[in-house]
Amino acid sequence: MADDLFHIAGKAFSSRLFLGTAGYPNQQVFLDSLTASGAEVVTVSIRRVDMAGGAEGLLDLLQGRAWLLPNTAGCATVKDAVLTAQLAREALDTSWIKLELIGDRETLYPDVEQLVTAAAQLVDDGFTVLPYCTDDPIVCRRLADVGCAAVMPLGAPIGTGLGILNPYNIETICARSTVPVILDAGIGTASDAALAMELGCDAVLLNTAVSKSTDPVRMAGAMGHAVAGGRLARLAGRIPKRLRAEASSPELGLIGG
Amino acid sequence: MADDLFHIAGKAFSSRLFLGTAGYPNQQVFLDSLTASGAEVVTVSIRRVDMAGGAEGLLDLLQGRAWLLPNTAGCATVKDAVLTAQLAREALDTSWIKLELIGDRETLYPDVEQLVTAAAQLVDDGFTVLPYCTDDPIVCRRLADVGCAAVMPLGAPIGTGLGILNPYNIETICARSTVPVILDAGIGTASDAALAMELGCDAVLLNTAVSKSTDPVRMAGAMGHAVAGGRLARLAGRIPKRLRAEASSPELGLIGG
Amino acid sequence: MADDLFHIAGKAFSSRLFLGTAGYPNQQVFLDSLTASGAEVVTVSIRRVDMAGGAEGLLDLLQGRAWLLPNTAGCATVKDAVLTAQLAREALDTSWIKLELIGDRETLYPDVEQLVTAAAQLVDDGFTVLPYCTDDPIVCRRLADVGCAAVMPLGAPIGTGLGILNPYNIETICARSTVPVILDAGIGTASDAALAMELGCDAVLLNTAVSKSTDPVRMAGAMGHAVAGGRLARLAGRIPKRLRAEASSPELGLIGG
Amino acid sequence: MADDLFHIAGKAFSSRLFLGTAGYPNQQVFLDSLTASGAEVVTVSIRRVDMAGGAEGLLDLLQGRAWLLPNTAGCATVKDAVLTAQLAREALDTSWIKLELIGDRETLYPDVEQLVTAAAQLVDDGFTVLPYCTDDPIVCRRLADVGCAAVMPLGAPIGTGLGILNPYNIETICARSTVPVILDAGIGTASDAALAMELGCDAVLLNTAVSKSTDPVRMAGAMGHAVAGGRLARLAGRIPKRLRAEASSPELGLIGG
């Protein structure tokens, strides 16, 4: 929908699907998936240790095709996350950062205490910060209060494909948030992405659900449809759930329905 | 997807969304919703008592725009359902019939014993029978055995918008059915329709979820996307659900994802 | 609760848990489980082919300790089920029968058409019939109409331990039934059994959940507690679900709660 | 079970149900509910503003009948919570404190950043701290690391009766926690309490579900059974969930089951 733009920090997007770049069989499958999905934002992981090294190929290919959102995947301390964000800004020439700061390597769950601290530092340093966080409405509000441009609560732990474990919390966050809400992590299939939008999310970020599916390009297309469908359904105003059946055509004539 | 046709009784369809015609604010909203949804099959209710009467307007408008699927909504006996089907064939010049035979007016739940009997009679009489039935795998098999062209198990009672109450049964039915499975009744929003397709349904029929939404045309578009997305996700082969987190970019370099 | 008796066909029971007898490590574990569970009704499978043979030991042990409810497990035709019931009556000197008539060996799902026919025949023949059926409110009503003493809708397929797949239907059946409703099949753990009672079931029958657990005697005790707790919760009238938080102690003094 | 004791900070309890004291119709109903539930721990709210005032009656009645666990309900800052805890210690002569520190009055959701800070201060000050927290495994670990004697993750927001919104997280917390896990808030009915225990919780605290039910004394009894049943089921080792049916008595003779 050309008339349903979505803004983060003043930048407008028409697609509400963000795509990760990890785990694809090869670069071409990723690029075809990107096209099939219609996504305009792509997140890439920055690792200090390899900053000298390669992969410029993908970066070059993405230039002009997608808005780059570097992330701090794998960081477990404030210092590490902040430094990684700064290196990303230098290397990719963007002040946008998806801030990941995990509490342990087993659950990959965000460490919200450190996350708030790192987010505040990066905001002060001029970054546009999009933090990967828990589905905790108080933490989400706090992240917005320290100046984050959006919040990215999880649906389920990274890579699990379990969908949205707690729709109630996601809906609560969306209803109260002063910044855009982007569901991040846990999506397994199209209906999960549609549900995220129906709950009020402004966008969905996913990676494994596409890259590790049997047919990533087709699944990318599925996710594009699902996000568009979920968004439209949200805007359209769904029927209330009723506990009792109700005939759709109770008393009509020849062509009642 | 032009290459993902769907057949019932030898007729090919490219859209997997079927739309009911009841309860729209007016005819124009219905027609705009039909366009927005991309649906090719439209179900209409036949009432003997009004066969003399009007509504030819809508029928004329639908000619050439949609495949008509008359239904026997409101019938509660074999005799009534069979007679209604015969009148529909005469009036609409089609041998296709969506067979509804309800057990009571409160739940609008199918009466499966009578349904099987009526289906068998109508098949013998040359009809292409699509029965609205429960999510009972044995009943669905029986309906296929007596010659039905498809089965139409419910997601939830008509008009409730509760979604798919028993995904396990729907998935079981899809995995075993020898005829197409069309989810009918209960859909409330886009993610419900996507889920139906992911469980293996060949198509989805819905009415109230669109006609009674706040913005039917937009919701019709949502459902079109949702059915397409759910179908693609099914074909693409989703990732398995995992109980433990797994990094999407565990050990990659500069651009790992 | 001595004052919360439960009646089937005029016979009163104080425990609302029925126990199956199959699959226990040995007879003693079964007997200890029976004691731990507090169950008063025990269901046993009758096979014509072995009527000459043994197992009288268990029967003797059960005499006086439990009310015997023979079942027709494994029967797939009306004729087979009726004959098995008649043999059971002769062998066990009871006119009670749990009528099982399955649609196929893969799903073990009831064949409701044949079930109604067999039930009607057995009622005519003087049996007290308790049919194992689907969670279909129309079928349950029909079984009551032909004279069954109770209905036994499934929670999930036999032996799956999936719990109650469709609580909505079970609740609908309970709200409308003119005869006792006994949830049968699918229970996996204690909370499933409690939920059945909260939905309005009069009793719960289970087997595998106890006999195949790691510690059957302990699980039998768990189920006894769960059924009692679920029943009490039903009688006590639970609080409504609220979408918004509400302080339990909003404005109280020193000892507010 | 006399042999299934539960320890917090070295003190042993045999009941795994903790009861709140707010919202009962009158004191006698509370006392009868306490008896019916079998609970040994009772939580009471301390308000500084009213420390001069009454309610000693209830305190006197509880002496010897229950272990008092004062709470800091309504506190929204570290300072307020710490001060309230200190006043509770003085007034009630106990160093145990259920630490509640909410993020806002609308959701009553814990503010986990402040909670960790307050917990650390109170531990340093010699308190036995039981913090009411979110279902975030990293926060729970952090609370244990700063010396809390247990963690009390929520099932759902206070007073909602929505049950356990995210069983996955509760199970994850239980599997990893080095201190006892007590589910707190959200319980609506008996099956919710049983589920908490099955997920691995060491105990359950609830208030509104009993005090605001139609018949608190009966519901208290229901909860006692449910917690005992859920605990036994956890210890007994439930059967795995299976996707396919399996006969409980596939090939047995006269008395197969």
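Observations on the structure shown:
Letters A, B, C and D mark the chains in the order given here, with residues in each chain numbered from 1 onward.
We adopt the following convention: contacts are C-beta pairs under 8 Å (C-beta built on N, C-alpha and C of every residue); 3 or more make two chains touch, one makes a residue touch a chain.
Heads up on the chains, UniProt names are A, B, C, D = Thiazole synthase.
Treat the numbers as computed from the prediction; the structure is a model and nothing was measured.
A centroid comparison over C-alpha atoms places A as the chain most distant from chain C.
Between the CA-based centres of chain C and chain D the separation comes to 32 Å, rounded to the whole angstrom.
Centroids built from CA atoms put chain C at 46 Å from chain A. Look at where the CA atoms of chain B average out and do the same for chain C: the two points lie 34 Å apart.
The set of chain B residues touching two or more other chains comprises 107, 109, 162.
Judged by the touch criterion defined above, the protein chains form a single closed ring in which each chain touches exactly two others. Chains touching one another, given as pairs, are A-B, A-D, B-C, C-D. Contact residues on chain C toward chain D in their complex (touch as defined above): 20-24, 43-47, 49-51, 53-56, 58-59, 73-74, 91, 105-109, 157-162, 188-195, 198, 207-209, 211-216, 218-219, 221-226, 228-233, 235-250, 252-257.
Looking at the complex, you find that chain B touches chain C at residues 103-104, 107, 109-113, 116, 134, 136-139, 141-142, 156, 162, 165-166, 168-169, 172.
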